[in-house]
Amino acid sequence: MTTIPISWYLAVAAVLFTIGAVTVFVKRNALVMLLGIELMLNAANLTAVTFSSYFRELAGQILVFFVMVVAAAEAAVGLAIIVLLFRHRETLNVDEAQLLKL
Amino acid sequence: MESLGINYRAIGPELVLTVTGVLVMLLEAFSPGKKVRDGILAAAGIVLAGVAALALWEEGPVTAFSRMVIVDGFRVFFTLVILLGTLLTIFVSWGFLDEERIPPGEYFALLLFGAVGMTLLVAGNDLMILFLALETITIATYVLAGYRREDLRSTESALKYFLLGAFSSAFLLYGIALLYGATRTTNLAEMARVVSGPLGQAEIVLLMAGAAMLLIGFGFKVTTVPFHVWTPDVYEGAPTPVTAFLSTAPKAAGFAAFLRVFSLTFPPLGIESAADQLASHWVAAVTAMSILSMTFGNFIAIAQTNIKRMLAYSSIAHAGYVLIGVLARDWAAVAFYMLVYTIMNLGCFAIVALWARRGDERVLIAEYAGLGFRQPLLSFPLAIFLVSLAGFPGTAGFVAKFWLFKSAWGAGFPELVIIGVLMTVVSVYYYLYVVIVMFFREPKEEVPRVPLSRAFVAAMVVALVGVFYLGLLPTRVFAVLNTAQNLLAIGQR
Amino acid sequence: MERALFVIFALTAIVAALNVLLRRHPLHSALALLVVLGALAGLYILLGAYFLAMIQVVIYAGAILVLFLFVIMLLNIRAEEARLARRPFLRWLALPFALLLGAEIFYLVRTFEENPVPSGTSVGVTEAIGRELFTTYLLPFEVTSILILIAILGAVVLARRG
Amino acid sequence: MLKALVLSPLIAAGILGIFGRRWSERLIAAIGCGSVGFSMLLAFRLFFGDLWPRPPEQRVIWEPFFSWIASGPLRVDWGFQLDALSGVYILFVTFVGFWIHVFAVGYMRGDPGYARFFAYMNLFMFMMLVLVLADNFLVMFVGWEGVGLCSYLLIGHYFDRAYAASAAKKAFIVNRIGDFGFALGIILIFATFGTLRFSEVMGTIAARFPEPEALGEIGLLTTIALLLFVGATGKSAQIPLYVWLPDAMAGPTPVSALIHAATMVTAGVYMVARCSDLYARSLTALFVIAVIGGMTALLAATIGLAQWNIKKVLAYSTISQLGYMFLACGAGAFSAAIFHVVTHAFFKALLFLGAGSVIVALHHEEDMRRMGGLKRAMPLTYGTMLCGWLAIAGLPPFAGFFSKDEILWRTWTSPVLPEPWGRLLWAIGWATALLTAAYMTRLIVLTFEGEERFARSAEGHALVPRESPPVMTIPLLVLAVLSVSGGWVGISEAYTGGRIANEFEQFVRPALARVPVHSDHLAIAEFGHGMELGLAAVTALAVLATLIWARRFYRRDPLRPAPRLLENKYYVDEIYEALLVRPIVRGSTVLLWRVFDVAIIDGAVNGVASAVAAGAAVLRRLQTGLVRSYIVMILIGALIVLGYFVFVGSQFPAR
């Protein structure tokens, strides 16, 4: 039975979290920023699942389940806001190339 | 089923609010646009939820739903504060809904669902429920911030709030995951038990990092420097009644959770333990955050020309004061402060909202010129609320600050008290500036008379009575807070 | 065998994540995130969290991300233009920040070197999770229903044509 | 009865504030003056009917009102306490207050804010009475802040005058700086003694600290005493916080008379006297107070010599006299300080009201360069002003002589001031007395004597000043009588060879602390009456000489230019502006705001750049990468917090 050290998983999660955070602040497109946030959430999820398996206990996995629900809700509202913003820009007739640069 | 700890009374307020919210939503769907009906229904639901909360007062600390929530004095008191804030927000929104032609049902429903999240946050005994409650609040408030859809400022505010809020939520979540890794649990009481003993090196590091992440997340929610950056923009852009709501009820809930997590779960035990190691750090970090919030909040507020922005910085400064109470471990003082702050800030915003009129057009402080004697029913209450925010004796703001500073001094934070009192002096400058503009400046153009709705007058009366009652006769509330057994608790069973 | 799988999934996830970051076009970023989510599902299986692996694919990748793609296509968002960067120095801050954040987090996981994850566990099976959700975590589960209700309500309120 | 005394003006203020706008001036005046008059009658009744007949050590009436704050160890009640000290205060506060209200009936005639004015004045009376009668620090603080607020509202009464608004703001903010110290002092008192009741705090101090803290020792008591004194320097306009008082003259003259001369500004002295048990046990605090008082007295007197605005001269004179009072407190002669508060209230109120009478007669002219020769047109005002002039100059047997002389003598013989500071401060006080005589003579000469200078300065048509109506002159007469005779209640024993006791001192002494006697000092009595009489005679003669000389000097050339330095008040306002105000405001706007509120610079820059439409500016802000700078801020914060926790946290070895 080969085993994988727990720190490997945690390291992957840490890398993903960092990349996600950097995405959020490097990107100017609100949508891509949101993608970065999803990346961060997933990193946290991986951490929780890792610990859950390590402890042989379910709380971590339940947490991940809830995070997915939250992510879905957040995405719905966030995308609605973005669509709304887009509509503003469109009606205000601004150069399309500058859309959603935040 | 006994083993699941199903106890509907324990979540009575949430049940009532949710049912009311759904009802209001459905009514709106079938016969839209009936503001009075929906508003009264929502208000009735809030009052009923208040009754349900009061019924829990004698309950003592008990947990329910497999230790997910806890019923203690804090739960009841803060639930009432939040409900009061929501109720006043409904009153404040009365004219706004007509002017903006906003479907009232959905607006009220969102307020009610947001309130559910807040009361749950206050009751949470488990990091998982805290996370969900926090998300419930923020998602509801994202939508509310963007509610004036025709206005780009509002949409912009919602987008900023959303992006920054989600960003900070990710930190919070990572923190929860790390804490779970350090202690094997998400239950606060269980966690407190684990950290009251020594932990291994690896766990200590996880614990520290997790707590730091949590501090970042909470710091964002309760608007403390340096995680405050979203506040001015969001407060400025959001519709004023929503700003009023944002600056009070969710903040109160956030502080309650902050106390439960940091002060109770990781208390400075004074013995060699993981909790004690951690406590020395979070106390240092919170001290820094408190000082930064008080100084930056107050000084930057001086430079503002927009009253909503000014109140946003003032709200950051007040968060700094409350953190002093968190450090002093005086739960009652924090609870009282949040009650007072909710009342006076909502009072302020009620008038700002009314004066801003349709489209939030009149929000510059300069545009308050001449309001003074032309419409004293607006100017005098606003002056009183501002003076109360400045902590003038005789008003509730003074009693709240005095209590807070007094406990902090007794708890060994004299330097914070000195800074706090000094910053209070600074704050007078900008609060007073509004009063001066109102009473001593001639307006550039004719000042119109703003009609006062009945709901607005009701909000004014409640807030004014609150400011003076709590300023002159706070003993009752003090007694209630002080005699509450186990005002703040976390529970294992 | 397991290690090989781990390396494959982990590398896929990281490379795809970098793609999210580095791609100019939002559509490409979103597709890269899809890959990350898939790779993570693989890691979840390795960790024995079968149920989560499944809903990761079905819900996260299948529903949430598709929503993103849908919006990107709907709005016809184009690639970013580098020229528009208003604060170019912020970009250069990215590297040190990333290094620092990475260092801090690595420092923290470093200490777990010798603790292997027990493999072949079966705590994450659907039945166990279902039981927990409807017993211990009943209340949070119900709260999520409010959360979703708010999301629906909010999306309708915001995106409805006035 | 105390409650009725205190509440009567509050009720009147409420009535006037709510209904006053529609009422006639007559009715407003009746209510405004009536309520204060009622308080005055009650004060007399309480003082002479209840307090006076009691044996000295039982002269305390305590009336609890209701419980204010009760939280654990902290118990604060709304309670009123009448003892010898507060008794004297309510007596002259209601008395002077009443007559100033009467004067204001005439002075404010025709003012659009008539009802508002009386509402605020009544509110002020209420707050002042709360301040004086409070039985604990917190209630006193309510009054303390309350009088400040009313002062602010009344200074800004002419809200159409921009300088009035800025003066009001200045007064309020400078006062708040002082209150910072006061508030900290209160918190420290509670933290130390666990109570805020005066009687309990002072009792505990007396019991726990039998020995005073030595000079130079910054112990607990000294810290508290100095913090409270910071509050006093704000309220009572002492160095370095005196700058607000001259500006406060922008308010109506009765306000200057009541608030900025007779009553509110002496609150600091009252507070020090109220806490005399505390101050008596800190030689450092006493020394600081004495030096600041003496310096303020001298500084303000020199500035007063060079002002042209009649009210400004009186304002600096007030600051100078307040300095005297603190000098007395610092020398340990609390009763002398209170005595001077009382006599000063009479003659300074008189002088201000007289000035008000002149100002009204000249259609709101305040510049003395455009006055002169008014004694023929306004004989009553002139006559009463002469009484005030001689009283403040300190010529026997006018009121000011006795109180000022008492202060000088007690400074000379002070048992608490280190050698040779007693003599030095005496010399300063002595010089101030001569300066006082000089600038007051200048005021009288410029205003009432010499040629008439007002006619040519008015807008074309000649001004014919007339004597004020009786409603204004009667208060002048009443106050003039007291300016002459008010000092006779406290004649030093030296003048009667000890046959008649110093009634005033005898009366207030039980309410005040006895200062500890330095071992290397001689007791006061041992200096002997002869020396006291001798010094008093020298002072009186010198003052008389100054009066005669100054009158001649200024009659010869009334408009002789004053030294620049003095006319510009030593440029203190400018220095404060440059060193304090501007850096703070600048710092807030430029540094903090720009660094921490990144949005604004972006907004501003873009606003200028686009300048298309409001919508466009808002739009452009969306593209500035603001959110990104916010995220950077959060990230920096996160990195610091995280770094601190992780690296510092892991320093601990595993256990």
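Order of writing sets the labels: A, B, C and D. Residues in every chain begin at 1.
What we mean here is this: a residue touches a chain if its C-beta (ideal position, glycine included) is under 8 Å from a C-beta of that chain, and two chains touch if they have at least 3 such contacts.
Keep in mind the model is a prediction, meaning the values are calculated, not measured.
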I want to compare two interfaces, A-B and C-D. Which one has more contacting C-beta pairs?
A-B
With centres defined by CA atoms only, which chain is the most remote from chain D?
C
Cα centre of chain A to Cα centre of chain B, whole Å, reads 27
Chain-centre distance (mean CA atoms) for chain C and chain D, in whole Å, is 67
List the centre-to-centre spacing of chain B and chain D in whole Å, with centres computed as mean CA coordinates.
40
With centres defined as the mean C-alpha position, give me the chain A-chain C separation in Å.
5
Would you mind listing the residues of chain C that make contact with two or more other chains?
84-85, 90, 97, 101, 104-105, 107-108, 111-112, 115, 136-137, 140, 144, 147, 150-151, 154, 158
What are the residues of chain D that contact at least two other chains?
615, 619, 622-623, 625-629, 631-632, 635, 638, 642, 646, 650
Residue list for chain A, restricted to those that touch at least two other chains
10, 17, 20-21, 24-26, 28, 30, 33-34, 45, 50, 52, 54, 57, 62, 66, 70, 73-74, 77, 80-82, 84-85, 92, 98, 101-102
Are the chains arranged, by touching, as a line, ring, star, complete graph, or other?
complete
Per the touch rule above, chain C residues touching chain A in the complex are 1-3, 6, 10, 13-14, 17-18, 20-21, 26, 29-30, 33, 36-37, 40, 43-44, 46-49, 51-52, 55-56, 59-60, 63-65, 67-68, 71-72, 74-75, 77-78, 80-81, 84-85, 90-91, 94, 97-98, 101-102, 105-106, 108-121, 123-124, 128-129, 132-133, 136-137, 140, 144, 147-148, 150-152, 154-155, 158-159
Touching residues of chain C toward chain B in the complex: what are they?
104-105, 107-108, 111-112, 115, 135-140, 143-144, 146-147, 149-151, 153-154, 156-158, 162
Chain B touches which residues of chain D in the complex?
66-72, 74, 116, 138, 141-142, 144-146, 149, 156, 159-160, 164-165, 168-169, 172-173, 176-177, 179-180, 183-184, 187-188, 190-191, 584-585, 587-589, 592-593, 596-599, 615, 618-619, 621-622, 626-627, 629-631, 633-634, 636-638, 640-642, 644-646, 648-650, 652-655
Within the complex, which stretch of chain B touches chain A?
128, 131-132, 135, 139, 142-143, 146, 149, 152, 155-156, 158-159, 162-163, 166-167, 169-171, 173-174, 176-178, 180-181, 184-186
Chain D-facing residues of chain A, complex:
21, 24-26, 28, 30, 33, 85, 89, 92, 94, 98, 101-102
